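Some structures are shown below for you to check.
Two complexes follow with subunit A in common, the first pairing it with subunit B and the second with subunit C.
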Partner chain A sequence: MNNPLPPLEPIRSAYRLQYLTDEQLDQLQEATLDILENVGVKFPSEKALQVFSAHGAEVDHNTQIVKLERDLVFKAMKSVPRYFRMAARVPEYDLQLQDGTTYFTTDGCGVQVCDMDSGKIRPSTKADVGMMARVADYLPSIGFCWPMVSAQDHGGTAPLHEIDAGWNNSVKHVQSETIMGGRDCEYAVEMATVISGSREELRRRPPLSLVVCTIAPLMQDHAGIEGAMVMAQAGIPVGFLAMPCLGTTAPATHAGAVAMGDAEIISATVLMQLISPGAPVFHSLMQAWADPRSGGYVSYARDARSRYGVVEMAHHWGMPSLGACYGTDSIEAGTWQSAAEPALDPLLAGLTSPEIVTGMGLARTYTRLYPEQIILDEDLYQRARTYLMRMEVSPETLALDVIRAVGPGGHFLGQKHTREHIRTSLVRGVTHEFDSNGKYREPREVARQRVKWILENHHPAPLEKAQQDELTRILAAADRELA
Partner chain B sequence: MFNETPPLQPIRPRSQFHIVDEEQVRQLANGTLEVLSDTGVHCPSEKCLRIYADHGAQVDFDRQIVRIAPDLVSSSLSQAPRYYTMGARSPSHDIALDGTAMFCATDGCGIETIDFLTRERRPSCKEDIAKMARMADHLTSIGFYWPIVSAVDHPSTSPLHELDASFNNTVKHVQSETVMGEELGRYAVEMARVIAGDEETMRKRPPLSLLVCCIAPLGQDKEGMESALLFAKAGLPVGFMSMANAGTTGPASLAGTVVAGDAEIVSALVLIQMACPGAPVFHSFMPGIMHPRTGGYLATTWEGTLLYPIGVEMAHYWGVPSLAGIFATDGQVPGWQTGGDAASSLMLCALAGAETGSGLGLVESCTLLYPEEIVMDSDIYHRVRLEAAGLDTSREALALDVIKETGPRGMFLKHRHTREHLKRRQYSDLTAQTDRLNQLRDPLEVAREKANMILETHHPQPLEAAQQAEITRILAAADREIGGQR
Partner chain C sequence: MSEELLKAMAQSIIDGESEIAADLARQAIEAGLDPLTAISKGFVEGVNQVGDSFACGDVFLPELVMAGEAMKAAIAVLEPELKKRGAAREVLGKVVLATVEGDIHEIGKSLVGTMLTASGFEVFDLGVNVPADQILAKAEEVKADIIGLSALLTTTMVRQKEIIEAMDARGMRNRTKVMIGGAPVTSDWVEKIKADGYSEDAIGAVNAAKLLLDAPA
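Moving on to the complex of A and B:
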C-alpha cells in the first residue's frame, strides 16, 4: 500500500524584509562586474574556454582565466529565466518557482551516520540515502530532496546511486550536489529521462536538478562545470554555489566575500546561457568564517549577517535563489547549539523569500546524519512558517461577544468559542509532549520516536518496475565505465 | 577597586516591518475600545475608581467596574510621552527610548534557583538577585535589570530587598515587577530618590521603573494599581502587562486574546494619565496559550510567539513605548528547546520596533534560574543584534583591491586587510571552543565556566557609602513597619 500525498507546506510569507537597500544591491553588483572584468575567473575546462572565446570573452588559454565585460554579462544574463519548474515524480509535488513561496530541502553530502539501531557513528551508505529520502518524502516541510549523505559503498559512481536511492524512495524532486563530470552527468540525464519518460518531458518537467560548487577564490571546478554544461543542454536546472570562507578563501569582510562569491556564480551562469540560452539556472552563496585560531571552517559565526542579503543579490540579477539554512556546527543533534544556530534561519529566509532553500537534518557542519535531527529542524521550520502567516482578524477571531459574555474576572474555558479555537491555537511540535508522569518529554526523544514511526509507516509509491529495471541497467553500465 | 561596566549594545535594526497591517491594528484597537466602553474592566481600588469617575469614566462603585468611552481613552493617552529616558546609576548606561534601539532586560520573578555551587534545585534568595545583577552588569546584552528571582528569604519586604540587591550590584537601570501596594511603593520611591540623589534627577533620569501585571480577564490588581499611582506621581516610569492565557483567561483565538489583553493594559494607562498627565508609561503584552490537556500556561508555541510583536504594534498604536516578550521558554533545562525558542521572537519584536524587552535567563516558563542560561541567551541576543544591524557595503568592506591583488586561486590569509578585519568579525565565545586535546567543548559547560568567571571577576562600581547606609536604613524601617504587620 502506498501512502497518500499530503500537500506540501512551503513558507508563504505575508511579509517581506528588504535586507539590502537598492543602492547596496547596485554597489554589490558593480563590485561583481568589476571583478569579472578586471580580475576574471579561472575555468579549467577547454570546452568552457572555447565557448567563452566564441562569444567574445577575453580568454587566456594559458592561465585559463576568463574576463567578462559587463555588456557580455548583461546580454547573457538576460536569457536566464526568473522562474521555472522543478518537477517531481508526481505532478502534485511539482515545484513551480514563484515570488513569495519558499520550498525547503534536506541537507546533503554528509559522510557519517549515527546508526539508528546501534547508536554508533559509521560511514554513510546508499541505504541511508534511501532511508532519509523516505523521511523527506513524508514531511510536508520538505519540497524536494537532496541525497542527505554520500553513498560511500558505491565508490566512483556514488552520486548516481544517490539519485537512484532518491527516486526509489521519494516521489519528490531530487536535487544532486555531487554529480560531477561530463560522462557522469550524461548518465544522470539518461536516468532522469527514464523518470520523465522522454527527453521532451524531461525538459518540460525536469525531475532532477544539480548544484555545482565553485572554488573560492574565483575559480570553477573542471568536473563540476563540464557536468553543468551537459545538464543545462538537457534542460535540467543547474545552480552554482559559492562557499567563500571569510579570512582564508575570501576577504574578511562580509561585503567582500559576497561580491567575490557572486562573481564566481555569475561567471558560471553566463557560461550556461552562452552554451544554452534560456537554461534554468539558480544562484546560491553560503559563506563561512575562518576560525582565527585554527583557520578551521565555521559555518555559524555570531555575526552571520550576510546569509540572507545574498538572496536579494540573486533576485537583483533576475535569478531564483537557493538560500542557505541549517547546517549546525554542533557535533550532536538535539543540543542547545544545534537549535540556537539555525533558529533564525527559516524566519529570515521566509522574510527574504528565496525560491528554494537547503537544508535540514545534518549536524557537525553538514557532515553527520542523526536521523532525528530532521524532525527537530522541521520544528524550527514550522514555527517560522506559522510566524510568517498573517494573523486572522475577523469578528469571529476578535471574539468581542465572547469577551462580553465572560466579562471581568470570568473564565473562557466554558465557552463554545474556546472549544472550537483552542485546537488550532496550539499546534505542538516536538515540545509540550508529556511522558507518563505528566512531565514534558525531551524534544530529541520525541523526534527520535517520530522518525522511527515514519520509517515504519511511510512507503511512497514505488517506481514502475520497468523504470526500476532501466535505472538498474544504467547504473550497471555506469559502474562498469566509471567506477 | 571596582570594574568598569562595559557599554551597552542594544539592538539597532536597520529595517523595520509591521506584522499586522494598519487595517488590522485599527480593527484590534477598535475591539479594545468596544470592550472598554461596553464591558469595562474590574478595578478593586476605591482610590482608582474615584480618579476614573472624576475624569468622566462611567464607574459602577458597587461592582467596581469602569467603562471608558473611546474619546476619553484617546484624550487621556494623547498625554502619554512616546519617548523618554530611563536613567541608570551611571549616566552612560541611561537608556533612551527614542525609537531607534531595543534594550533588553533579564527575566524576573523566578522562584527557584539551580545553586551556583552545589547545582541543586532550591528556593531563590536575595543573594541570587545580587549575583545575577553583577552578571547582568557585565553583559552588554542587558540594558536594564529585572530582579531575576524572588527574595524568598525576605518574605514580607522581598520586593524592597530585591531593589537593594539590584542597586548594590549593578549601575544599570532597575525595573521592579513586584513592588505592589502603597506601603512598599513609598519605600521603593524613597530608595529611588537616594539612588538619583535628588527629586529633579529622579524625574529626569529615573533609575527605577515598575511593571504591574493586570489580572486577566479584564481586571486590575488593587495593590499594583496603587503602587503604580505612587510611582507615576514621583516621575518613575510605570508599565502594565497583560498575561492573558488564550483559552482560559482570554479567548482561544489570537485576535481575541490581543483585544482582551490590550483592553486591560489600556485601561491602566488611561488611569495613570488621568492622575498624572504626561507620566512616562509603557505597554506590555505577554500572553500565553493554554495547554489543552492541563490548562497550563505555555509561553512558547508556534502561533503564540506571534502575539509578542503584535503587542509591540499595539503599544505603538496607542503612542507609548513597549516592553516586548522575549526569551520566554517552556524548556525545562538549558538545551535544544531553550536555544530554539529565543531567537525568532526577539528578531520579530526588534523588527517591529520594540523599545524594551524582557527577559533573559530563566527556564521552565520563567520560573527557574540556571546561572548559565543568561550567558547562553546573551549569545543568541548578539546573533540577532548583528543580523538586524544590516550589511556594511562600504569600499573598505567590499575589498575590491584585496580581491584584485589576491586573484583566482589565491589566499587571503596573509593580507593586511584580512588581519585587520578578521579581528573585527564576531564569533561566539560559547561554540567552537576547544579543550586541551583540541576537542570541541560542550557550549553549556563553556557557559557555566563563563558565568563563574564573571562572578569571580566582575565587581561594578558600588553605591556611595552614604547611599548604602540610607538604603539600609530605609530597608530596616520597611522591615519594621511592613514585616511587623504581616
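Moving on to the complex of A and C:
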C-alpha cells in the first residue's frame, strides 16, 4: 500500500560564505550590462523579437540580435519575483523558495542505463524514468524531480512522456529540462493543468517547472525560447541555464565566461518579464571546461570554484538560483573520480545557499545512469547537510558529570549517559553497514541493495484514475501531432 | 629566395597568422611560384608540424584551430591561381558536415571538422540545426565522398536515420558514405540505421573517414 510521506531534508546551513565581494559582483553585473547593450544576444524567434521591439529594445530583424539598454534591463528585472513556490502533487512537498533553504534534485535526461544485476548498458526508456522517480520520491535529500533519463521509446514526444512518468511515480514537484517548442509546451501546460485541477490553481501552485538552456556564445534556442514564453504566460516557473564552456564557447577565463553566461540568462529573463510581468524565473549558470588536448567537455576541472560564486550573481539580480552540483565526468559509478569531483559540492553550495540545486545520480557527464549512484550521491549530501548544522553545546552534551564520574583512566561504556547517546552519536553512511559476519560492507553494494529495497517497498500515492486517463489522452494527441 | 619563402609559409601556419599566410601566398603568386608547391612544400609543412605537436601534447586546440584558419586564408588566395593553371590540390576526400535539424550542439561537430581538415580532408561545415535538404543538396553540389552527421539529442537522432533514407531514395549511397556521431549514438544505432561509419571522438572520426575511403590510416 502507499507509504506515509518520507521526510524532506533540505540543507539549512547555519553558516554563510561570500565568494565574491560586493565590488566583484558589481563588476560582473557591469560586464553583463555592457554585453547586453553593446554586443547583444541573438533571439531566433519572431515572437520574441516583436516583444522586444514593442518595448523599445534595439532589434535587428536580419541578424535577430537584440541589444538592451541598462534602463530597460533594470526596469524589466524589477518584476522578477525573488522567491516563488514550486508546488507538488501533495501540499506537504510544496517547495516555498526562501532564504537559507536549499532543495536538491536529481540529475536529468541521461541517455544510457546500466542494469544493476547484469552490468549491461542499454538505451534508456520511459520505464527507467518511472523507476528513478520512485526512488527520488523516497529520498529525503531530493526536494523535486528531474526526469533522470530520456524516454527514448517515445521518439519526438519523449519529453512529455518523461513528465508523465514523473507524476505517475512521484508526488514531488517535477522539473523538465527537455521540453522545447511552443506546441510541446502547450501540451505540457495542459498536462500540468490536469495535475492542478484548473489554470488558476496551476498558477498558484505549479507542479511543473522548466529549464531552458541558452546557447553560448550569446544566443537563444528557437524552440527553447518559444517554449519558455508559453510556460511563463501560464505561470509555470522557467529557469535559464547557461553552460559556457571555457575555451570553446566562452573565453578561457572564469570571469569572462560567467559574465557572458549571465548576459544570456538576463536577456531571456528580461523577455519573460516583458511578455508576462512577474513571471517566476530562476537563474542558472554552469560553466565547464574544454580539454585543450581533445576539446572534450569537462564538467569538473580541479579548480571549479566558479561553480559557487554564480549563485551570488543570481541573488545580486534579485533572482533565485538553480545551483550546479554533481554530474561527474567519471564513466562509472563508485570510482574515486565519481566521489572526489562532487565531494565538496553540497557543502559549498550549502554555504552560498542557492534555493534549488541539480542534480544527483548520473555519471559520464550527465549521460549514464547507474541506479545506485543516487544513493552514493545522497551520502555526500547528508554529510554536507549535517556538517552545516551547528554543534549543540549544553550541559547535557558537555556531560561534565559523567567526565567527573569516570575521571582519569577508565572508560565510558558503563555510563547511563553513554547508553542514551551512543546510538545517535554515530550516524551511519553507506560506508558503515554491516554484513552478516559483522564486517563493513562495500558501499556500492549497500547502495544497490537500498535502491532495490526502495523499489520493492516505496509506493507513492498514484494519480487518480481520471487524471491518469486524461494525461494518456493528451499524450496520445501530442504523439499524433508531434511525433 | 623561394626556400626562405616556403619556410616563412610554414611558420605563418605554426604561428596561426592568417594575414601573414595570405600575404605570403600573394608574394608566391607574384614571384611566379607554382601554387601547388607553395601549398605542399610551404603551408602544409606547417600544418604537419602543428599536427605532430598536437599529437605529442606540446600544443593545444587553439593552436590547431588557428593553424587551420591560417591555412584556409592561404588557400583562398592560391585557389584562383590553381584554377587558372588547371591544377587541383590533392585532398583525401570531400566531407559535408552538419549537426542535424533541431539540434544546436556545435562543439563536437566542429572538432570533427577541425581534425578532418588538419588531416587533409576538404570539409564543408554547414553548421548546426541544418535541414536534411540542405545537407543533401550540398553533398550533391560538391560531389561529397562523405556526409558527417552529428546529433546530441535523443529526439534529433532520428534525423540521421531520415537523411540516410533520403539518400537511399535519391540513389546517393554508392558515391557518398555516411558517418554519424554524438553522445547518444551507439554502435547499435549505427547498425540499425545502416550508417557506414561512426566514432566516439574526433580522432576516431578521422580514422573512420579514412577507412571509408580506403585511404591509408
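Just so we're on the same page, the second predicted complex is superposed on the first by the 482 of 483 C-alpha atoms of A that agree within 3 Å, B and C clash if a C-alpha of one lies under 4 Å from a C-alpha of the other, contacts with A are read in each partner's own complex, and residues count from 1 in each chain.
The rule is short, and it goes like this: a residue touches a chain if its C-beta (ideal position, glycine included) is under 8 Å from a C-beta of that chain, and two chains touch if they have at least 3 such contacts.
Not measured: the values here are computed from a predicted model.
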Partner chain(s) touched by A:P292 [first = subunit B, second = subunit C, both, neither]: both
Which of subunit B and subunit C A:L482 touches, first, second, both or neither: neither
Residue contacts with subunit A in the superposition, subunit B compared against subunit C: B
First, second, both or neither for A:A461, with subunit B first and subunit C second: neither
First, second, both or neither for A:G407, with subunit B first and subunit C second: first
Partner chain in contact with A:G247 - subunit B first, subunit C second, else both or neither: both
Subunit B versus subunit C as contact partner of A:Q382, first or second or both or neither: first
First, second, both or neither for A:M77, with subunit B first and subunit C second: neither
Subunit B/subunit C common contact set on subunit A: 215, 219, 247-249, 290, 292, 294-296
Interface residues, subunit A side, partner subunit B - complex: 15-20, 24, 27-28, 31, 34-35, 38-42, 65, 215, 217-219, 246-256, 258-260, 289-292, 294-296, 298, 300-306, 309, 329-331, 334-341, 343-344, 347-348, 351, 376, 379-380, 382-384, 386-387, 390-394, 396-400, 402-404, 406-413, 415, 417-423, 425-429, 431-432, 434, 438-440, 442-444
Partner subunit C, residues of subunit A touching it in the complex: 111-112, 123, 150, 152, 155-156, 158-159, 178, 215, 219, 221-223, 245, 247-249, 290, 292-297, 367
Interfacial residue positions of subunit C with respect to subunit A in the complex: 57, 60-62, 102, 104, 106-108, 111, 129, 154-155, 158, 183-184, 186, 188, 201-203
Residues on subunit B engaged by subunit A in the complex (per definition of touch): 15, 17-20, 24, 27-28, 31, 34-35, 38-42, 65, 215, 217-219, 246-256, 259-260, 263, 289-295, 298, 300-306, 310, 330-332, 334-344, 347-348, 351, 376, 379-380, 382-384, 386-387, 389-394, 396-400, 402-404, 406-413, 415, 417-428, 430-432, 434, 440, 442-444
